[in-house]
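Each structure below appears as structure tokens.
In the two complexes that follow, chain A is the common piece, with chain B as its partner first and chain C second.
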Partner chain A sequence: MATFVDRYAEEASVIKANLVVSFVALGIGAFFGLVQALHRTNYFRFIDSVDYYTVLTGHGVLLALVFTIFFLLGLFTWAVVQSLERPMPDIRLTWAWFGLTTTGATFVAIAILAGFMPSIDMSADVLYTFYAPLQAHPLFYVGLAMFIVGTWLAGADWFLAYRNWRGDNPDERIPLQTFMVLTTMLMWYLSTLGVAVSTVFFLIPWSFGIVETVNPLLTRTLFWFFGHPVVYFWLMPAYLMWYTVLPKLAGGRLFSDPLARVVFVLFLLLSTPVGIHHQYLDPGIAEGFKFIAMTNTMFLLLPSLLTAFTVVASVEHGARQRGGEGYLKWLGALPWRDPAFTGMALAGAMFAAGGFSGMINAGMNINYLIHNTLWVPGHFHLTVGTAVALTMMAGSYWLVPQLTGKRLYSRPIGLLQVVLWFVGMVLMSNAMHRAGLVGIPRRTAEPQYQSFDFTAVIGTVGELRAQIAIGGTLLFLSVVLFLFNILLSAFEEPIANPVDDRLPAPLSGASGSPLVLDDLRLWTGIAVVLVILAYTLPLAGIVGDAGFFGNVPGVPVWVSANAEAIVETLTEVIA
Partner chain B sequence: MSLEPETENTIREDVPDRPRGYVVGSAPDSIEREIGHDDFDPVGTLVLIFGYFLILVVMWVFMYFVEFLGRGMTVIG
Partner chain C sequence: MEIHAYEKFWLGAALLLIVGFIATVSYGAIGAGVEMIDDDGGTVDPQNLDQHPKFSDPGVYKSGPNEYDVYVIAKQFLFQPGTSEPIRVPANSTVTFHVTSADVIHGFEVVGTNANTMAIPGQISTFTVEVDGPQEYGLLCNEYCGSAHHAMEGTMKVVPEDEFNASATAGGA
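And then the complex of A and B:
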């Protein structure tokens, strides 16, 4: 039995190229994470605290945007090709969007990394959120815009493949994996409008000096218009694997195809009109609009809880088929020797814990307790940092052999790697949450204040720091093991069956699900209406207050190059 | 596509081009019985999700005591 690469060699090449970019970003980003963990906790400092923000920006952008999204681009191409059972319509288009996204991402990376070299007059220490008036080099924004347009082309490529398939199969249901890809991309088109408008109309002209000022609240709100849905853009590839691959890895079948479709439709509807929940403490947005965003956010718990049920039930089905019995004893019948299964299962368990802290973040009043503290990175290292990242790494152990036709170099090392990630993250994330409750701030190289000591309710701040440093180190080791395992797999001899790639049909198939679920036009229409309802008045208010271009000049973050000029501009802005 | 019969799985072990040892994704090879939609009762899932909600409730109560009763008044506006 031939695997993916034998059937679709050209597609496999593009997917591999995407994964290479993804994994290179993972390696660099993880190293930056280690530097931060050791620097913040004062265990080992070899960079200047000023450079910490270059490292922090690199960590955020390379992991949250480049690693995750390039993996998504590869995975979604694989999913579309293998579920429609046909090659991409025109492989040149596929290579074209890969080229554009890669060039864009490279520009962004150059702009950030140049911050380490004072001799180069370029920097982008604006952190992952690039809040104005912090101003990056124009290359950062231009690269970002190219990257976004590249993802749009990728979506167009998948829609084109779907349209061709539909021409030959007018009466069939959309195959589940393609359905997941298409609904995710519709959400992405809607939500990236925010960041596209922000960069193209405001930040790029402003960074080139064509316009003098910016309205920081407007660009910030447009960022979060995209900034919350992007978390689902990271999560949907993980969901795709949890729904369609994990049941098989467990030895079972997906419990319900219709429930999976409902979940993806709910994410299309609800992902975007919630972004203001990141701005609970922003002045300039009325409390009522924040309340609406909170209500929408709480509705988002619904698809996640549906997922908890469907995915766990599918895994349980596998355990029962493998002879599992009892209320909890069946857990022992799961294939824990399989790194792909174990990694995804541990990632799912951590996502459940991330749900707890997410509920705290989402509540308007409770959010005030933890806003801008280390709690927040503690939360998203459970979600994007584990639910997504660990699922992607674990999924690679099953996916990459299909793309190369070569066996995984070492299964036991893979198993050690996923467990190491879980242990490292338990230590680091738990400590970050607790440190946040104490009030220790995020996004700072020097989380110490003079004449003030943070006191932990249980344990000590020293113990929290130790956990963060040890956890961060284990996580970095885990990434090193992952990358070496994948790299060494490339030197194996190709064989016919490097991995078991069969995907069984769901227990409850698509034929039982309502036809309306496949009506993508209807769901897109409703999603647009919800966004208009949630965003028109707040945006009108923000523009009404300070106009489209505001009155705030930029604060270029060429920190090391012209520190005096920065201080001067900062003083002006503050005054 | 439904699950392939187990007899074929036994043959697959002898395929020379299959790596030795545990193959990633080969959990279906050790299926002892096939359970269809109507025979499957996900009671274990119920137990796990009930446990999740129990933790949620306990933490909610805990939060009320620690974060609200344990601190002074927060004045907003």
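And then the complex of A and C:
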């Protein structure tokens, strides 16, 4: 019995390369998070408040796009190879998309980090959402476009692997993990059209000066066309692990294969026609379209609620296999000393809390109270920041040994790490939610103002700040422990079976699920129709208002950040 | 496809929850009349706000008995009016805000209330609020708008009716 690396050495190398990029981004992004947590709470400041936005852009892009998506690229490659039980069709193609995504991500990182150095005339302090007419250096948009195209090639690579497998297995059901990868990628192709059109047709020509103006509402709407489904692109790797790995770690097996397929199909159908729920407060979009997005969003709760059932049922089954009994006493029979299990279980528990605050966000009218307040980052630090990030870290404790053939350096440190994350996030996220309720905004370096104060309903604003600062510090420590644990594992001696990597078959197997679930063409077709219904009229209205290229000139961030440059421009204008 | 009894129960409960959420939001919109920001505000040329009948001189305009229109321009890094002078409206009145931006995307939030909108260049956000008794509110920009975003703030003063009328006749609004 050998492990993954012994069977697929070349694939293991590409996957490891993806994880290295992912973890480097995690380290830098987490450090930026620490800087923010201490700066905006006024506990420790060593940067200028102007540079806060460079840090914030770096934190958002490096964690939300680079850390998560490179982990996905690695995990999905592993899942396709191990569930189809065959190597990638051509490893050069696999390395090619890794090269393209990495180059793109590096360009984006350079454009952002240059913002720290006034001597370099480059900046991308436009935050993760890069709303025009704030204008970043062209390198930022070019890098982003390359990164997206790279992910498309990765998807093509996995589809190719599937097609080859299908040739040899004409009558088999699509293996569950591959099914999850393929449906996620179909969702991704559909949704990234928005950001691809926005960057390639509008933002890149505009940042180079070929086009003078933009239609800010159009590029913003195209961003959210992609910006909500990307949330599920982060989440689906976590779901893949919760469905196919967590039950095994718990000592059992997946409860239901058919229901898992239903869930992924629902995500393919509903992830994209909801983006307008990020624009409830935008002018220029009629209330009816917002209502459609709201309805779709509420139905998108269904696959997550179903997942809660299936995952808890599978874990309970595992506990009972291990001798657990009673209504709740079985919880004690779970392998709580295993960091991979405990991390994923805690991540799942926090995702439930994040789901509830997400329901508030989705409520079109109560959203007005919390829109763009600290409530929103409080919410997504539970979802992408814990459900996804903690599952990825915990999953690494089980996955990385299969890729290296070496055991984890320390399980107790791993356990401490996942618990630290949980505690840190409880403090930080709960304080952020409460701060949002009193109107404290997100995305600002100085959350205190000259002409008014915030008053907390329960507790004090000072106590909320303390929780955010302490929570942020614990989270950073947790990442440091994680990275050191993974790094030190590289120096272990190779052994034959570093982890138990067998994945048992589900209790209710694929044979019980209707064949139509595997009809990817049908689901893609319906998904496209839903997107057309949700977006055609709003986009037509927005283009009708100000045309494709709009009437708003760009406001480059690296000029507005630099007082000298403004003076220079003014002198030129006067002369 | 085999669906266990508990799964069916859970599925039903989940659907009930979802339909319940949609029903409450629908009730809020139709029954309780919670107004959303939509496309009613229309458009404006952001580079020629000075040619707009109202945005050329933003501020408070009386539009009917006890009803007022407030035109606000958001720009890097101030509200006009709001920042250098407070927005003054009379107590117990109906106030309709018309908010736009002269440069990048901003937010306009009356702190601690649900009076909250995006300000997008080229678009006008319109929303109506019922103003209670005299009170001073903070205003802030809640969308990152550039390097001094954190300094973009202002105030709104709800003043007693007689005080408002006195200042209005003195040439204010």
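In the analysis below, the second predicted complex is superposed on the first by the 559 of 575 C-alpha atoms of A that agree within 3 Å, B and C clash if a C-alpha of one lies under 4 Å from a C-alpha of the other, contacts with A are read in each partner's own complex, and residues count from 1 in each chain.
Going forward, a residue touches a chain if its C-beta (ideal position, glycine included) is under 8 Å from a C-beta of that chain, and two chains touch if they have at least 3 such contacts.
Please read these numbers as outputs of a predicted model, since none were measured by experiment.
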First (chain B), second (chain C), both or neither touched by A:M294: second
Which of chain B and chain C A:V557 touches, first, second, both or neither: second
Touched partner set for A:L144, first chain B, second chain C, both or neither: neither
Touched partner set for A:D545, first chain B, second chain C, both or neither: second
Contacts of A:L34 with chain B and chain C, given as first, second, both or neither: neither
Touched partner set for A:R443, first chain B, second chain C, both or neither: second
Greater chain A contact set [chain C / chain B]: C
First, second, both or neither for A:G323, with chain B first and chain C second: first
Which of chain B and chain C A:L134 touches, first, second, both or neither: second
Which of chain B and chain C A:P498 touches, first, second, both or neither: first
Contacts on chain A seen with chain B and repeated with chain C across the two complexes: 309, 313, 359, 368-369, 508
Contact footprint of chain C on chain A as seen in their complex: 49-50, 52-53, 56, 125, 127, 131, 133-134, 215-217, 220, 256, 258-259, 279-287, 290-291, 294-295, 298-299, 301-302, 305-306, 309-310, 313, 359, 362-365, 368-369, 371-373, 438-439, 441-447, 449-455, 508, 512-514, 541, 545-546, 550-553, 555, 557, 560-561
Touching residues (chain side chain C, partner chain A) in the complex: 1-4, 6-7, 10-11, 14-15, 17-18, 21-22, 24-25, 28-29, 34, 36-39, 41, 43, 45-47, 76, 103-105, 107, 109, 111-118, 120-126, 136-138, 140-151, 153-155
Touching residues (chain side chain B, partner chain A) in the complex: 1-4, 12, 15, 17-19, 21-37, 40, 42-45, 47-49, 52, 55-56, 59, 63, 66-67, 74, 76
Parts of chain A lying in touch with chain B, wherever the complex brings them together: 248-251, 253, 255, 308-309, 312-313, 316-324, 326-328, 330-331, 334-335, 337-341, 352, 356, 359-360, 366, 368-369, 397-398, 401, 407-408, 411, 414, 457, 495-505, 507-508
